[in-house]
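Look at the two complexes coming up: chain A is in both, with chain B in one and chain C in the other.
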Partner chain A sequence: MKRLSLFAPLISVFIGLALSLLLVVALGESPILVMKVLANGAVGSATSFGYSLFYATPLIFTGLSVWWSLRAGLFNIGAEGQMTVGGAAMAVVGIVLSSLPSWLAWPLALLAGFGAGAVWGYIVAWFKIRRGTHELLTSILLNFVSYGVAGVLFLHVFRNPSVQTPETLEVRERVLVARDERDWWLKPVECVFRFCSALRIRGRRGDAEIGFGLRTRWVGSAPEFARRTGVATSRQTMMALVISGGLAGLAGASMILGYAHKAREGFSSGAGFVGIAVALLGGRRAIGVLLAALLFGALQKGALDLDLDTEKISRDLAVVIQALVVIAVATKSWLEAKRWNS
Partner chain B sequence: MAALNFRILAQGIVVGATAISIFSGCTKASDSNGGESPAAKTSGLTIGLVLDKGGKDDRSFNTAAVVGSSQAAKEFGLTIKDVESPDDTAFEPALRTFAERGLPLVIAIGFGQADALKKVAPQFPNTKFAIVDAVVEGPNVASLMFEEQEGSFLVGYLAGLATKTNAVGFVGGMEVALIRRFLMAYEAGAKAANPKVKVLNNFVGITASAWANPTRGKELALSQINQGADVIFHAAGASGMGVFDAAEEKKVYAIGVDSNQNAIKPGRVLTSMLKRVDTAVYAVIAEVVKGEFKPGLRSFGLKDKGIDYAVDSNNEAVIAPYKSKLEEVRAQIISGKIVAPDYYKSKK
Partner chain C sequence: MAVVRFEAISQKFGEFFALNDVSASFESAKIHAVLGENGAGKSTLMKVLFGLQKPTAGRIEVEGIDRKWKGPADAIAAGLGMVQQHFTLVPTLSVIDNIMLGAESLSSFGRLDRNAAIIALEKKLPSESLRLDWHKLVSELSVGEQQRVEILKLIARDAKIMVLDEPTAVLTPSEIEELFHILQRLRDSGRTIFVITHKLAEVFSFCDTWLALRAGRVGGTGLIEGTALNQVVRAMVGSDVPPLRERAVRDPGEVFLKVCDVRTDDTYGVNLRGFNIEVRAGEVVGVAGVDGSGQSELVDCILGLRTFSGDVSVGGRPVRLGETREVRDTGVALISEDRHHQSLWLDESVEMNAGLGFETSFANRGWLNVAAWSQTVTGWLASFDVRIPTMQTPVAKLSGGNQQKLIFARELSGRKTPLIICHQPTRGVDLAAIHSIHSELIERRDQGAAVLLISSELDELLALSDRIVAISDGVAAGEFERLSGTMNREAIGRAMTCGATT
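Right after this comes the complex of A and B.
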């Protein structure tokens, strides 16, 4: 089982990639050239690699968010909205805080992001536990609520009146997580590592075979067993969704506190939904999710160059590859299930 | 479990092997075509174009940029490379990639790229940059701006002449300063032609999605028609398609924007206010080719036909009664006798 957990995703990636390259062949472009362009664009230079990490960072958070809910047998597909409110909260804290020292300011902004996402997760959990509403429904519908809330904050309360794009004022310098303009390409790298170090600790704890993480997994894979063993399932459901929401809430941090220094309308640009794919590909372990996010981030960056360096293939190939990889993952679980039943 | 494991592995290997054998067959073919990088093989320069969200088939803003650059490419024997941007985060790496490859000129289309260009331009002093619709300072940046107020005044004047109900409408896309600029001059133009005219105005929304909501565009146009408007000018991107639908349905007139949209509903489109992004893009490429690139703010207006109104077979008949008067007003704006109010300046 353990051996399979990293091996199987690799095969899915391989199959997905192979199928996409067949498509490339069908369109009359050289797959070797396409692979070369993708690889070079993603990791060809320090700059490219930095951008790949930059694109991967939000996916790490949204991926872990969905992954955490899946462990509890819940499917939180509202990471996009949780990311949006989390980002809004971070931007607001970043704009409003003016007299706190830096070491206190940026953790506080991150906390606000986590908190806002967690509240969104809590709403989903509340409906699930008290009203029996399926989390798929509430989590995706709450996305629209979050767009509205963020829209009001970005465009009316904190709008930067001097530019045309719908964006907020700049956040104060002391809440930025990376400030050094000289090593600008290190910035994304730095963001990733600052957040991941904090996150890995949480991930490991979740993975521990006793205590909280295990109970979360029981609730997911054997709810009846968990209930009879005396685990408070509704409490576990709530905690799982709150943590899942909080993780997604942090996803905008690298964008807002590290790169743009402000929140733009629509800054999440689909990272919440790609996070679902990342979690599915990542499989059972947190490290798998991390690797899946890095892969998808690299694809996103690499694909930008396809527009330039190939005649017939556009950057949309990245989406095709991601989709085929996810289908390969799904087919695998379907085969597995079929085997268990027979 | 182990058996399954191997089965998947075997499948993977088969698919992979098939794919690889196909690849190797194919590369040879493409090598002989020389399809790898035509840029390296043409003798002329390569120009980079970073398009705004919406992409090159938007039939308006981005399309115009592509048209202008391909015209220049044909004339000067250049190669044009363009990138479409899926979202805000892609502008910076796209601009940077072009600059890193040492292209002589990189053109950013749309005000959304201003922040990205501000970061990238200073790092590549040997590359020349141009941006449409935004001002970015720098010794290697040309900012291509349009005097939208001149064209809006002119089509406003036309609307004021053409209305029978003494009411005209304006449907804007996203509520930003740029579109306010259209509205302000349009209103002034309509009032100059007909002091009794009432100018109704609505905006589709306050977010970027306001450019792509034809349903809402139609709703707003219909409500303006209900309030008496019989000429409606839109500056709403793809949302404007709804305005054309409403005009056709209720038998009133619409005025198009940016590109020539007269053909969308022939006979129901009075004219289109042209914002010749193609002219601007062509001009800046021509300068670079001739070695006459000048950084700084460049404005395009009625004078140099960067701003214009469209007359073709689709609207010849409907615009004919007003044509001579319009030409007169156009000449007066160019000579400075009429000054169209500018929202950008009125704000300061």
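Right after this comes the complex of A and C.
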């Protein structure tokens, strides 16, 4: 089991990719050409690679968000909504608190993003603990609420009156995460780097685990055992969903504070849902989630060029590949469970 | 004449031999006990006989004919039948409908002809004692009666060879006696019966022959008549089991666990209806009852996991809902009923499982000190003789006995434990481990621990308890003491089943 943990995700990726290429062949396009375009678009140049990182950044956060909930035995599929409210909160702070110094402003904006997502996660936890409503249901339904809330902010409160599109005013420069005008592709990189070094998520084997993280996994995997040993299981559940929501709330940061400098309706563009796939592929360790996010980000970037460089294949191939990879992962867990039971 | 013969049967699962060169023959019209510890291969052998498992090598002969089953259907057609440990009945159908299911007798236009089925079945009954109310719903039957329906199904299908897998696991003492009387009637009518079991008392009272398997091989076989009990034990275990440690004579101390008039109010499931029990320091108090009489609810109340009315106190401290941590910290060791879910984190390592619950004592500003954790729990496991391949092995891979010993090591080493709650401590555990668990409990009692022992195995309770409280439908239905000599099997059995009226 342990030995497979690094190898198996690679197999899943390989199977997903192979199946997609079969589809490509069936559509009468050269799989070699498609692979070339994908690779070139994703890592062909420094700029391409920078873009890949840019696409990966929100996925890292939504992926970690879903991953954290899975560790606690919960399935938060509301990262999309948590990301939306988180992004809205960051934009609002960025617009309103323009007079603060930079070193205070951008951490504050991030904190607001985390907080807004955490509140969304807390609502899910409240319903689960107090009313017994399954988190799958509440977390996905809250997505729609978040669109509404963000819509009101974007369209009525902080709308940029000088443009036609539903988007906010620009975030003040002081709040931005990356400000260098020339190496603008570095912005997402810097973004990732700053957050990751701040988060310092570590796995058990490499170093040590914190007791809190252990209890989160314990309640997730062996809830009855934990409960009987005196672990406050509802509190762990609540904290897990709050943290999960908060991580998703940060997902919009690279977009809003790093690149677009404003929030626009629909800016999440499905990153919350792709985060589920990232978490499933990433497996048990945080580093796996990071790698999965980088892979999916690179796929999204690489697939953009398919629209132009091939005749019959569009950028949606990235979605197809992602889906097939997830199916491969699911098949693997299913086979494992089957073997375990027999 | 041998009705069933195994010749050099082997069954391999991967590299593991579940059965290794098993040869045995069984005479017709006898009750054969198939004995062995968990994993010894007794169920596998019966599955091979019934066509549920294809042997890797060897020959099966039934009634003198060489048989190669393609599946259980072949075996059924040849006159075999099996009663599984978990019944396969439809609770919402009547007795006769359940018996007919799969072999319906139809009248014109495909209507079910229940009367014809009843008449046909009654003709086949070897004894009136098997009769049930044919039109009663199965859900209204007791467990013992449901088991009878399973046997009736086999009779209706003309099974001449019947296999019963652990038939007495869920029965009360009087139901067990009734079951074996029925089996003896069936035997006398010419049927051959195999009983898979690990309870030796029953084997010696009711069976004709025994076959003991040990690690997939035949450990011994013979007639019950003229066989001594420890001969069978040696065949099962491979060595003699030393006698249980003598309990020290001592007066019990202060009341450590007090449960007074506890009632639960749950819409579904079993409720306690004013249950009382006291456990003092230095005594083992047994709770005897059929599974599902309120034992799990009692444990939940003591741990503060369930709302209740009445008073529960542990070490003089009242128990309140949600204060499980506080209760455990007063020094409660807990051996839960469902080992896999309530006491272990199955896919985590031995090391992790052996220390869980004490993680705060291995923490330094939140970070766990893995080295200290590992070192400490290694010591705990060694002192309880838990046999493990490595500390990183998933605990799911250990045998039941070693898992249970690991749980004992964890629960009894990490802190002082003036109260030990044991719920079915030896279920699914091999004889050697049972012995060491029993000795440990007696030793702890002698050292002054209060032990609450909940078990559905009366033998275990009689061997260990200073007092036994019978539980029946959520109330205490009688108390029996070792010293005053009131602790006898029949009286306890009656109290368990008939309630407080006795």
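Brief remarks on what is shown
Simple rule for what comes next: the second predicted complex is superposed on the first by the 332 of 342 C-alpha atoms of A that agree within 3 Å, B and C clash if a C-alpha of one lies under 4 Å from a C-alpha of the other, contacts with A are read in each partner's own complex, and residues count from 1 in each chain.
By definition in this document, a residue touches a chain if its C-beta (ideal position, glycine included) is under 8 Å from a C-beta of that chain, and two chains touch if they have at least 3 such contacts.
Values in this document were obtained by computation on a predicted structure and should not be read as measured data.
On the shared subunit chain A, the superposed partners chain B and chain C are arranged side by side without overlap. Touch criterion met: A:165 reaches chain B, while chain C stays clear of it.
Residue contacts after overlaying the shared chain place A:255 against chain B, while chain C stays out of touching range. Residue contacts after overlaying the shared chain place A:19 against chain B, while chain C stays out of touching range. In the superposed model, A:314 makes contact with chain B only, not with chain C.
Touched residues of chain A, counted separately for chain B and chain C, are more numerous for B. An angle of 130 degrees, to the nearest 10, separates chain B from chain C at the C-alpha centre of chain A in the overlay. Contacts of A:267 after superposition: chain B is touched, whereas chain C is not reached. Judged by the touch definition given at the top, the superposed model places A:130 against neither chain B nor chain C. Taking every C-alpha atom of chain B against every C-alpha atom of chain C, the smallest gap after superposition is 9 Å.
Residues 1 of chain A contact both chain B in one complex and chain C in the other. On the side of chain A, the complex with chain C involves touching residues 1-2, 204, 208-212, 214-215, 218, 221-222, 224-225, 227-232.
By the touch criterion given at the top, residues 1, 4-5, 8-9, 11-12, 15-16, 18-19, 22-23, 26-27, 29-30, 35-38, 81-84, 86-90, 93-94, 96-98, 100, 111-112, 114-115, 119, 134, 174, 176-178, 206-208 of chain B touch chain A in their complex. Chain contact summary for the complex, chain C toward chain A: residues 303, 305, 322, 324-329, 334, 336, 338, 341-348, 356-357, 359-360, 363, 366-370, 392, 394.
On the chain A side of its complex with chain B, the touching residues are 1, 3-4, 7-8, 11, 14-15, 18-19, 21-22, 25, 29-33, 41, 47, 51, 54-55, 151, 155, 163-166, 184, 255, 259-260, 264-267, 269-270, 301, 304-305, 307-309, 311, 314-315, 332, 335-336, 339.
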